[in-house]
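First the structure, then my questions, so here it is.
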Amino acid sequence: MDFSIPSHIQELRQAIHEYIQEELYPLEAEMLAHGWSATEEVLQAKREEVKERGWWAPQMPKDLGGAGLSLLEFSHISEVLGQSPFGHYVFNCQAPDAGNMEILHEFATPEQQEMYLEPLLAGEIRSCFAMTEPMNAGSNPTKMSTMAVKDGDEYVINGRKWFTTAADGAAFTIVMAITDPENENKYQRASLILVPMDTPGFQLVRNISVMGEPGEGYASHAEVSFDNVRVPLENLLGGEGAGFAMAQARLGPGRIHHCMRWLGICERAFALMCQRCAERELSEGKPLGTRQIAQAWIAECRVEINAARLMVLQAAWKIDNEGTYAAREEISLIKFYVAGVLQKVLDCALQLHGALGMTDDTPIAYWYRHERAARIYDGPDEVHKMVVAKRILRNYGM
Amino acid sequence: MDFSIPSHIQELRQAIHEYIQEELYPLEAEMLAHGWSATEEVLQAKREEVKERGWWAPQMPKDLGGAGLSLLEFSHISEVLGQSPFGHYVFNCQAPDAGNMEILHEFATPEQQEMYLEPLLAGEIRSCFAMTEPMNAGSNPTKMSTMAVKDGDEYVINGRKWFTTAADGAAFTIVMAITDPENENKYQRASLILVPMDTPGFQLVRNISVMGEPGEGYASHAEVSFDNVRVPLENLLGGEGAGFAMAQARLGPGRIHHCMRWLGICERAFALMCQRCAERELSEGKPLGTRQIAQAWIAECRVEINAARLMVLQAAWKIDNEGTYAAREEISLIKFYVAGVLQKVLDCALQLHGALGMTDDTPIAYWYRHERAARIYDGPDEVHKMVVAKRILRNYGM
Amino acid sequence: MDFSIPSHIQELRQAIHEYIQEELYPLEAEMLAHGWSATEEVLQAKREEVKERGWWAPQMPKDLGGAGLSLLEFSHISEVLGQSPFGHYVFNCQAPDAGNMEILHEFATPEQQEMYLEPLLAGEIRSCFAMTEPMNAGSNPTKMSTMAVKDGDEYVINGRKWFTTAADGAAFTIVMAITDPENENKYQRASLILVPMDTPGFQLVRNISVMGEPGEGYASHAEVSFDNVRVPLENLLGGEGAGFAMAQARLGPGRIHHCMRWLGICERAFALMCQRCAERELSEGKPLGTRQIAQAWIAECRVEINAARLMVLQAAWKIDNEGTYAAREEISLIKFYVAGVLQKVLDCALQLHGALGMTDDTPIAYWYRHERAARIYDGPDEVHKMVVAKRILRNYGM
Amino acid sequence: MDFSIPSHIQELRQAIHEYIQEELYPLEAEMLAHGWSATEEVLQAKREEVKERGWWAPQMPKDLGGAGLSLLEFSHISEVLGQSPFGHYVFNCQAPDAGNMEILHEFATPEQQEMYLEPLLAGEIRSCFAMTEPMNAGSNPTKMSTMAVKDGDEYVINGRKWFTTAADGAAFTIVMAITDPENENKYQRASLILVPMDTPGFQLVRNISVMGEPGEGYASHAEVSFDNVRVPLENLLGGEGAGFAMAQARLGPGRIHHCMRWLGICERAFALMCQRCAERELSEGKPLGTRQIAQAWIAECRVEINAARLMVLQAAWKIDNEGTYAAREEISLIKFYVAGVLQKVLDCALQLHGALGMTDDTPIAYWYRHERAARIYDGPDEVHKMVVAKRILRNYGM
């Protein structure tokens, strides 16, 4: 066992941390006050800077223009990127594009890669992933109504999805649709299909108003409909019926990304909270940090962040060394555990800021409302707990 | 001991509940999607309806045009009003106007009442209350920088306040300012002064962006500045140095109002959550409500709401029967207890709605973000706990 | 609504409180250090004193030698009795005898009452109640293996029970046994039967070692076996098949008793904790109670005890006014809620006593270990939550 | 970073785990029912077995007869030993002897080592450590009343200590006493002194009754008094005034030992709980483990145990690589964090066992009551949180 972080990763992390503090933190106020679109242009310039520094798409292989980091290595970077709401976007490793790049890299044909993966890697287009359906519980991924029926050399797709993140302005979506409804194995009924957003019959019904924000551009969660959408059979991604398996493969490392991003948020909120405790005077010479409850929260947040980080790093290490399947228990565990830590840290940070914590003068309130979703997306906490417990109980004969 | 609710209150509550469900619930979607101003006009019409039905300002004495309810009686009504974000506003018992009416009624001169209280009671104007200062911890109310200095027959006021709720569009504010900085009793240094918003030197610096919403009109929290604002000495409210005492008197019943409003929110969120549990199918014939964790949350929310309600009603009963001072322990206790219950119930309701809970398709997310402030305003939970514990420990000789 | 306590109950409560403080508290050290039997003799003398003062069996009607209090009135007394581990026993309203008196009073024949109820009321004998079975989950009361088969004019009983509280030294038990295994209504399969402990075939297998204490006499939880135990048919209590209904009737007020006893424990632990906080110096002139976390716990315990008490009193009031059936939701709710408050208060009290809290120099550690069972007996918390949620969800069509 | 455990440690851990399961688990019932002394004799035989297998004192260097494991290596073993209440004792690495061996090894003179360390290492005698005082808060280690005054070539010691664990039957104690009360640095006022238990003036006042158990032999916590106890100056351990520094040095690795022992308890309780969930049927074919709340607890316990273990191993790794001082933040953090996890796991395990959990038929209730002290000894959680937060806030200028 060795808990040391390799020095080249330490250095890279440090350099990126400084860049983010100096270049991205100052842009946050504008976004917090006036929405994502207000900063879109300046972020494009930052993306170019990042490319020039060789930090672009750090999670992708070098031959694809990335930095070629292992999952464990990228985890350390992802945490630093998470400290600003802009980090992952500026480094081109933001959801849902990062996940789409991964499955396109692993499962797409050369033609598909040329058409979809390359411009995505280059940051020329954005993409989305249409899976969740409004009328079906997301916690039961096999309950799905969207159908893709073969008709000659085309798929005809009908259905409705929502929470299609970043759909507004995306060039294409990957949609999960049932292609083999009678398959006895319900996990082999669905496929993933590539659909350009300008395909006739596809409609962005609405950007869903989420936590008081109508949503726009990259910062959107859309409801979309497929009304006799026709795409060539070549738009099938991977094998027919392999939709769940690929989505699952996408989710494994994706959860590591999310968890480390959340830990970045935790660290930023923790720093803001400590700063506030050290500076805010309750009375002459008595800052908030002299209060025992503030101290208790600081200590509890510190230990839970540390614990969560070790858990995620170990899971990433296991995926790197033994594969996603071997690490599936760890992946389920960190999903709900880190989401819980995130919520606690944000709650403490907000409370210790008092009224200021409610305002958009710090990013805490932004995360407080938007990252509430961490306990819901990719499977709510309660489902992960159930799944992992059932697996454990099998060892005891249940 | 008698836990029964008098039948005339039961009937009034029932009638108002039906009115709110039928007339106000349908207006919520518009506000949740497009902000408070989108509904302002239709709300005025509703206010007229409420006046016609004789429900206007139910907390105020009959001779002032109210319904003349005792605090305990009004508590039952306030809970029902709280079930919609519009309830208190439409019935003219919303913060901060309700509190201002109370102190104007109790402490204002006939001239002041004519100029300020009467149009407020009539719903012709709105008002605000400027107390909290950005550079001073609200949890220490004696640490205040805003000064009001006598100059001839005028007060000259200088200072800066924030979280002056509903300042945007208000006709006047009551400002707390230091008038006697050298007074040995630090609780007698400040006074309350009436300041029309159009007084030269007064400026609404900004509506503070709170939880992603810039704020406007009634739904605003403003930062305001007083720059050599001059008002006649007659604008002093109550006695000089009596600012804290009056603010405190305002806070006692005010907390009952808040707590019962929160319980209304709890009941609405609870109903939405049960509805969702009964209807949302996880698989064929298996609604969410068959899940044991959903059941546990329902039971826990039910018992905590019930407990909280009894606590608040008992505190209201005690204020009615023994006065605010005698009930000060109960008032401190319910403040943090009910705020905690509110947060738990909203969290459960949101989680059980899954992705839908994050959207503005229900009012849950609205309350989730805005009512987070319940644990902060009127003194953060932690301060109330400290205050009440110190008072208890005095009985043990500490 | 009226939250005032009638003055005659206030006075009775005060008098009993003083008696317990002066006469019973001093006996506790002996019991805590050397077990229940060490104090048995002196407790008998105290029981005689209580009889003389007219406080004996306060929950029973006056014509049976009790004080004739309503359930709500007795609740106030039960809380005071609960402040000492000896209270209920010395006043002859301890479990399981109190519950047995209630069902014997309500359901027993005059002959049964003469033989079993009268000596119980007089405090001449003790009794027990044999329901829980080691091999069947207590949370599913219809899953029961003990059988009572008619053979001529006798029942022949076979089976095994455990957690038969106070069996050691009892004169008789009431046993729940299946008499009609084929009944379609599984709630009508069992009956209650009176069995003197000296009946051949009945055996006290062992006093179960609970929380490190082997158990003896009244302070015992026994495993007992029925091996062809024969009793006359006249020993049937109430109707055949009415076992569950009677046990349920016994449980309703029984839960009020338990909950108020727990609140008595809470109040005693709270007082010990405050005393400790006021007296224990961390450094010169800085007692433990100056610590903000101690203060927070004091405030939280105070509010939760108050809330719990109001809940229980309301449930008692509802049973008195509308009957047990009408109050079944309240009864389920208080069961788990008050048990939770009890555990929290004891945990805080223990922690604030530091190492002393672990010792038997105070009664806190005694309650900490034994009252852990509060969350388990009479149905574990989780089962009550499930039951109450299912009932609520029926209103929403589930 | 490398999370793999070296194969030789894996194998050693596996072998010891099997030994403990086969040889020690079967002895537990006797101890749980009849106390520690009932098993003392058979445990001596087991100790000889362990010596023969080369597993004796695994935390000590090889040249002293130990297994020479690093702290990180021993951590893995300590966890396995913790799975039985007998583990550490049988392997001669139990508190307080293990800690005493460490300071004797590091600080004692050759003569002291010969007289005290060697027989301790050989398992021929037991020892104790007298630090905590009944009248002074243990959370403030500099507040101490016991004095050691030089008189000629002797120290004359006067004072009273309690919670001197395992004093009953010990051959000697190490006592912390003030030797330089006027030293300006209050951390340099105390010294450690070796005192044979048969020294005149030393008295074991009582074995303190803890959680209902009077205590005896190794399983005792004693109150002891020093009444003009005279020992030669050569009995000073380390330098005069170095008492705190040595105690602190003893505590660092000692906390790793405790934490890993607690994690062993967690793993055993977790296994018992899963076993119970898989086997206990609530109804035909529906074991307890099908309940979602049981599943949630299993998942939560699993993730918290895993997180806690990684935290402790990292702290051990840091002590091994950078020393105790560098790891002091980690040491404080794990102390309260792991204690909290321990309490949660035991609480869940007990609850899922229902009534059985309250009995001494499993070791759960034993740990539930005795390990409650984990949150108190070596500094209560609240003090550790305060200390660590103050250290963190120093980085923010407070």
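All chains are identified by letter, namely A, B, C and D, in their written order; residue positions are counted from 1 within each chain.
One rule holds in what follows: a contact is a pair of C-beta atoms (placed from the backbone, for glycine too) under 8 Å apart; a residue touches a chain by one contact, two chains touch by 3 or more.
As the structure is a computational prediction, the values presented were derived from the model and not from experiment.
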Q | Between the pairs B-C and C-D, the one where more C-beta pairs touch | A | B-C
(Q) Report the chain whose CA-based centre is farthest from the CA-based centre of chain B. (A) D
Q. For chain A and chain C, what's the span in angstrom between their mean Cα positions?
A. 52
Q) chain C to chain D: how many Å between their CA centres? A) 38
Q) What is the distance, in whole Å, between the centres of chain B and chain C, each centre taken as the mean of its C-alpha atoms? A) 43
Q | Interface hub residues of chain C, defined as touching at least two other chains | A | 291-293, 296, 382
Q) Along chain D, where are the residues that touch chain C in the complex? A) 32-33, 132, 134, 137-140, 143, 162-163, 208-214, 280-283, 288, 291, 293, 350-351, 354-361, 365-366, 368-369, 372-373, 375-377, 380-382
Q. Of all residues in chain A, which touch chain C in the complex?
A. 291-293, 296
Q) Within the complex, which stretch of chain D touches chain A? A) 1-6, 72, 274-275, 277-279, 287, 289-290, 292, 294-296, 298-300, 302-304, 306-308, 310-311, 313-314, 317-318, 321, 330, 332-334, 336-337, 382, 384-386, 388-390, 392-393, 395-398
